[in-house]
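For reference, chains read A, B, C, D, E and F in written order, and residue numbers begin at 1 within each chain.
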Amino acid sequence: MFKPEKLIFDGKRIDGRTLDQLRPIKIEVDFLKRADGSCYLEMGKNRVVAAVYGPREAYPRHIQDPTKAVIRYRYNMAPFSVEERKRPGPDRRSVEISKVSKEAFEAVIMKELFPRSVIDIFVEVLQADAGSRTACINAASVALVDAGIPMKGMLTSVAVAKVDGVLVLDPMKEEDNFGEADIPFAFLIRGDRIESIALLQMDGRMTKEEIKEAIKLAKKGAMEIYQMQREAIMKKFLEEGENG
Amino acid sequence: MAEDILSEIKKDYVLSKLRDEERIDGRKFEDFRKLEIKTSIIEKAEGSALVRLGNTQVVVGIKMQIGEPFPDTPEKGLIIVNAELVPLASPTFEPGPPDENSVELARVVDRGIRESEAVDLSKLCIEIGKKVWIIFVDIHALDDDGNLLDASAIASICALLNTKVPASRFGVGEDYELPIMDLPVSVTSLIVGDKFLIDPTRDEMSVGEKTLTITVDKNDNIVAIQKSGGYLLSESLFEEVIDASIRAARKIREEIIKYCSKIC
Amino acid sequence: MFKPEKLIFDGKRIDGRTLDQLRPIKIEVDFLKRADGSCYLEMGKNRVVAAVYGPREAYPRHIQDPTKAVIRYRYNMAPFSVEERKRPGPDRRSVEISKVSKEAFEAVIMKELFPRSVIDIFVEVLQADAGSRTACINAASVALVDAGIPMKGMLTSVAVAKVDGVLVLDPMKEEDNFGEADIPFAFLIRGDRIESIALLQMDGRMTKEEIKEAIKLAKKGAMEIYQMQREAIMKKFLEEGENG
Amino acid sequence: MAEDILSEIKKDYVLSKLRDEERIDGRKFEDFRKLEIKTSIIEKAEGSALVRLGNTQVVVGIKMQIGEPFPDTPEKGLIIVNAELVPLASPTFEPGPPDENSVELARVVDRGIRESEAVDLSKLCIEIGKKVWIIFVDIHALDDDGNLLDASAIASICALLNTKVPASRFGVGEDYELPIMDLPVSVTSLIVGDKFLIDPTRDEMSVGEKTLTITVDKNDNIVAIQKSGGYLLSESLFEEVIDASIRAARKIREEIIKYCSKIC
Amino acid sequence: MAEDILSEIKKDYVLSKLRDEERIDGRKFEDFRKLEIKTSIIEKAEGSALVRLGNTQVVVGIKMQIGEPFPDTPEKGLIIVNAELVPLASPTFEPGPPDENSVELARVVDRGIRESEAVDLSKLCIEIGKKVWIIFVDIHALDDDGNLLDASAIASICALLNTKVPASRFGVGEDYELPIMDLPVSVTSLIVGDKFLIDPTRDEMSVGEKTLTITVDKNDNIVAIQKSGGYLLSESLFEEVIDASIRAARKIREEIIKYCSKIC
Amino acid sequence: MFKPEKLIFDGKRIDGRTLDQLRPIKIEVDFLKRADGSCYLEMGKNRVVAAVYGPREAYPRHIQDPTKAVIRYRYNMAPFSVEERKRPGPDRRSVEISKVSKEAFEAVIMKELFPRSVIDIFVEVLQADAGSRTACINAASVALVDAGIPMKGMLTSVAVAKVDGVLVLDPMKEEDNFGEADIPFAFLIRGDRIESIALLQMDGRMTKEEIKEAIKLAKKGAMEIYQMQREAIMKKFLEEGENG
């Protein structure tokens, strides 16, 4: 990938978006039959599938927690999801993404309701562009609702990047590669209000003032995604109502 | 335990229907489920296909790299077929390196493509003995509602049909379509006593994991066979399955061709 | 290995065999002391050793089946068994051969007699020519008899290949490499009669008529091997009678 | 079981102290423990440092090799950060390949070094596009009494400051000091309700593994953030932690500089 | 449990015999079991041997490849000794990567060959600093009735004696016999109190896995020692074992030479 | 490393030592807080840390021995401990060293006092020169005393090498690389007397007379190291007395 001379030109990004505009999003609930809950999601060129299994008895027994459900999260990339074929199996990046994503869901799932159980969240990245971790969290969140797992609210994730000195919402590949900083967020949204931060990472270089600005921008984007998550779920329930 | 009882009930139901010469979803014994194909779903791959066989879903992506040929075929490209039965697709799949089931699946799909000479490997040589194209066929199971094998084989050949050799990206000429010479179709039957059911669903598989896969090329030749599962097969039933598989393969091949002609 | 111009010449194969002739076979029963049953077998240049351990308590417990014995089968090639040294440990080919061979024995061992047990069948390929999987099954079958494991009959295995347009029995390396098709079979033989097929694979290209012919040829070969398996077992029992 | 009860007692004690706005070891909320640095402890390494943060101890060794650059940065050297949480350091660590905790630790340390551009990688090119220096930063935990992450980050930058490029040994010129352009400092806080404790000890961690790490460069910019642990963070607390981390980082950076000026 | 009781009975029997200065199979304390050697059993290997020591059986195959020498011995070939204790040989062996016992076995056999300079490695150079022969000595245990180590060492040296360097197959000249300069023999004793039994059987090992291996070259020099097992060894017993091992090694070496002169 | 022309010159070794002289040794007891017992030890350029955990309940259960404690020993080299960076994780050499060191401690720890338990001994080599296995055993032995694990006596380890035809005590790297033989010993020392040999390996070429000489030399060196181990332990107990 060659570095473009400028990533922002006349207030527009190289894919034509304004600074605070999301990439197109498509959400399909209940995409899989076998899983207890599932979701297919596109965010720009990201194509991800999430499946939820559980709550079911945790096995082997020594992983059981007598006070609450154990949450597992597996972020996995298909070998063909990136430019250069990726060898199957987890690399260090996947391990870290799985860990922080798992912790985000631990904070919002009402896991005390299911002692000795395990809730498995599997996300497969079929095609990765920048932001695959945020796309996966958005899909997993919908899949959890589809599986009927009680949560404190919806988990909605989006990143903000610093590119050519300005902040942009939901960066795509070029902005991620050549930008100056990137912050993925996941927020707990309850009653149409952003309550708190469940996932937060950052790499790059930013002043603390820029970080405050980034939160604002991320919250704006998250609310838009949240509406789409809601609509997708609503649509599925309405269809079920019609068919049932 | 509840799992076991459910499986027992399903098994009884499948068997009782069978006694009436029926399948639980109303299909004829020799019919495949509804087949849906979608290609070009992964732009970053050289070729790709999503295949739905009933509720079973598989994605196959094709990536190509330049590498060295085998010493005894210095002017031919290579195909490597790999399957990941990721736990997303079934609660019985486990993360980790491929187990015997995914290895078998990948190898049977591989044999169908290889033995039917579906891909003209002699068109994949860049520099004799030094540089050839390596085709990675990566099978990614999404939803296992039975017969992942046939779904994977169909998705693999569809993804290959959809593949452009990325010559320009690698600086070795212009992109060209992968030359496909045959359309092998694998047909898997569930063996139940002296009967057999083509394209079994997961519910049907509850009567016992006893299958026979016959892969057929465009001229009705058999190019691969795999008996899978611990059971005894009579010679006469084997011959019946071959005949039925040839018939079923023709229908599936027609569907693939129809889909391709529509999108090309 | 260079491809010979013709593999069949004047109705004879490059090692002088007729089309329906087996390679020389040598069978030695009770070759090992430690195992419960064992067999050393040569088939052409194949040299294999089979050992059976069990029935013994299956461990770890979660692999136990309360209704029957679990059968395990491990096909393993010694690093020096092939032209180019093979790295130790199972490759994909070994995994597949182990699976289909295991399933063939599952179909003939009376495993319901030994609930919660495991029967281990280990085969080591000391030298491999074409047909090592069939040689191993033949050796394992004898080792099971030697171990006193009840079976529905004898399992006997042989391959048929299509070479220069004709079918040949028990192909050796050159025929396997340069032939047009290869079908390994294993048959259940009971009361000196071939009853059914326990293992069946095929790769290559054949018409359905050729496959029917191949079965006939394979059955002829299997009956001959079966006689040799019987004789080897008989011989051992007679010796034991003499010594005991 | 005894283990659990002990941990419960510790937790109660930490929390009761907190209600009185105190920490169990008497520190202020924003204070690090006593920091001790020792460099050049491994002669066979290109650079090394032993860091003690209270009772937490980490050794970092730097080894350098010559290798190929990434295609998109043909004139830059590489840094590879690796952490081994060996079982010597804690009864909860297990031998074997790195688990999610050691991977996270290594990656967060890596981001601090990388994003602050602490090492001038353009000074590590030997032959453009062909040969560059690869720096291996190996973090070896010895004693885990809490906050291994910050101790590892400090030890890593100190070991880098201590590193000589072994050019003469590899026959590519004369040895020279690794050019260090920044001193990133990672500051980890334990989040307890609406309060936070910088540089938590293991006893303090018994209230729950909820941390926030902010890495700060010499100009008070933030170069890395990592929220770790399953908890919800309020926006206002986040901003408080950033401010406190910037202040704490300045003090640690001064200590590093003081140590270095003393020994250089 | 039955296993344990059986082992206890065997142990008592071995010990009671020992009190009468006898071994359970009637051998003298310093005698090896009957040794049978068979070479050239694997045509596809460069050299091979099957060794039976009583009921213990081991196959060793030698394969050779061309590779790079170590930088500090640019004109010498390499030997790599590898052992697979496959589960066929004993119910206590498990499939998978080598465990500590197979690693130890391979390394002790390796030291005997290496330190006695049994193979003239300087005759294995093809192109100084670039191309040398690599000898793979693969030990494949078939039947473990005790003392696999000595059986493996004998089989290894016999297989090396049987080896032809496959120069013509690799296009680097004519085949020639591997130059063997010494015949190291490893002698393993079971230590029982203040006594020792050479070449212990599996039944004898039931008194405790306490062994001492002494490898002796053709001039009665010691070239390798390995104490194996958690026990204390007195200095005087150690010296007795050395003397007995030298005597026993001479006998085994004679048997190897006798076998070789017969077949050559 | 280039081979020096002579390793012994005028009765002196290339680092100036006499033939029967040890390298400088430094021992620090209770170096780590987390472990139950610990020790930092330098022997020449070797720098090693030993930690002891236990006795604690052995887990998983199937490794428990109802009659005694299980001893585990893990010898591990830091990637930066040697000239060329070592890939993390155990290699075959580490596996063998761990095994023989474990067995040496099995012979001296009173393991019957702790049925069903495990005692873990972890040693990390921060810098390796010749003799790292002996340095580790010496450190581990002190760490076991620090942890209060009852032993039959002290375990003290030292090597003897044959260099330029003569025997030398405690060889360093050059002597190990270019010498003719190397024997690492570990002795059980009780009541200031060497009682027996707990670890013994050898590679190289020696006559039996030389081996006897080597034992004598090793015993002399071991007694000196033993005194340093004792002093270090004493010093720590005295300090504790003062502070307590």
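Keep this in mind: a residue touches a chain if its C-beta (ideal position, glycine included) is under 8 Å from a C-beta of that chain, and two chains touch if they have at least 3 such contacts.
All of these numbers come straight from a predicted model, not from anything done at the bench.
**Q** Measuring centre to centre, with centres taken as mean CA positions, what chain is farthest from chain A?
**A** The chain farthest from chain A, judged by C-alpha centres, is E.
**Q** Which chain maximises the distance between its CA centroid and that of chain B?
**A** Ranked by distance of C-alpha centres from chain B, the top chain is F.
**Q** Determine the centre-to-centre distance between chain A and chain B, using the mean Cα coordinates as centres, and give it in whole Å.
**A** Distance between chain centres: 32 Å.
**Q** Need the CA-centroid distance for the pair chain A / chain E, whole Å please.
**A** Each chain's C-alpha centroid was found; their separation is 58 Å.
**Q** Report, in whole Å, the distance between the mean C-alpha point of chain A and the mean C-alpha point of chain F.
**A** Going by mean C-alpha positions, chain A sits 52 Å from chain F.
**Q** Which chain B residues touch at least two other chains?
**A** As it turns out, chain B has no residue touching two or more other chains.
**Q** So which bits of chain C are touching at least two other chains?
**A** Answer for chain C, listing residues that touch two or more other chains: there are none.
**Q** So with touch defined the way it is at the top, what topology do the chains form here? Options are line, ring, star, complete, other.
**A** Topology of the interface graph: a ring, with each chain touching two neighbours.
**Q** What is the order of the chains around the ring when you begin with chain A and head toward chain D?
**A** A, D, F, E, C, B
**Q** Which residues of chain E touch chain C once you look at their complex with the stated criterion?
**A** 41-45, 48, 55, 57, 59, 61-63, 65, 82, 84, 86-91, 95, 97, 136, 138, 140, 142-145, 202
**Q** With touch defined as at the start, can you tell me which chain D residues reach chain A in the complex?
**A** For chain D paired with chain A, touching residues are 72, 98, 100, 103-104, 106-107, 111, 114-116, 212, 217, 220-235, 238-239, 242-243, 246.
**Q** Going by the contact rule set out above, which residues of chain C touch chain B in the complex?
**A** Chain C reaches chain B through residues 1, 71, 92-93, 95-96, 98-100, 102-108, 181, 183, 188, 195-208, 211-212, 215.
**Q** Taking the complex as given, what residues does chain F use to touch chain D?
**A** Listed in rising order, the residues of chain F that touch chain D are 32-35, 45, 47, 49-51, 53, 56, 74, 76, 78-85, 88-90, 120, 122-124, 126-128.
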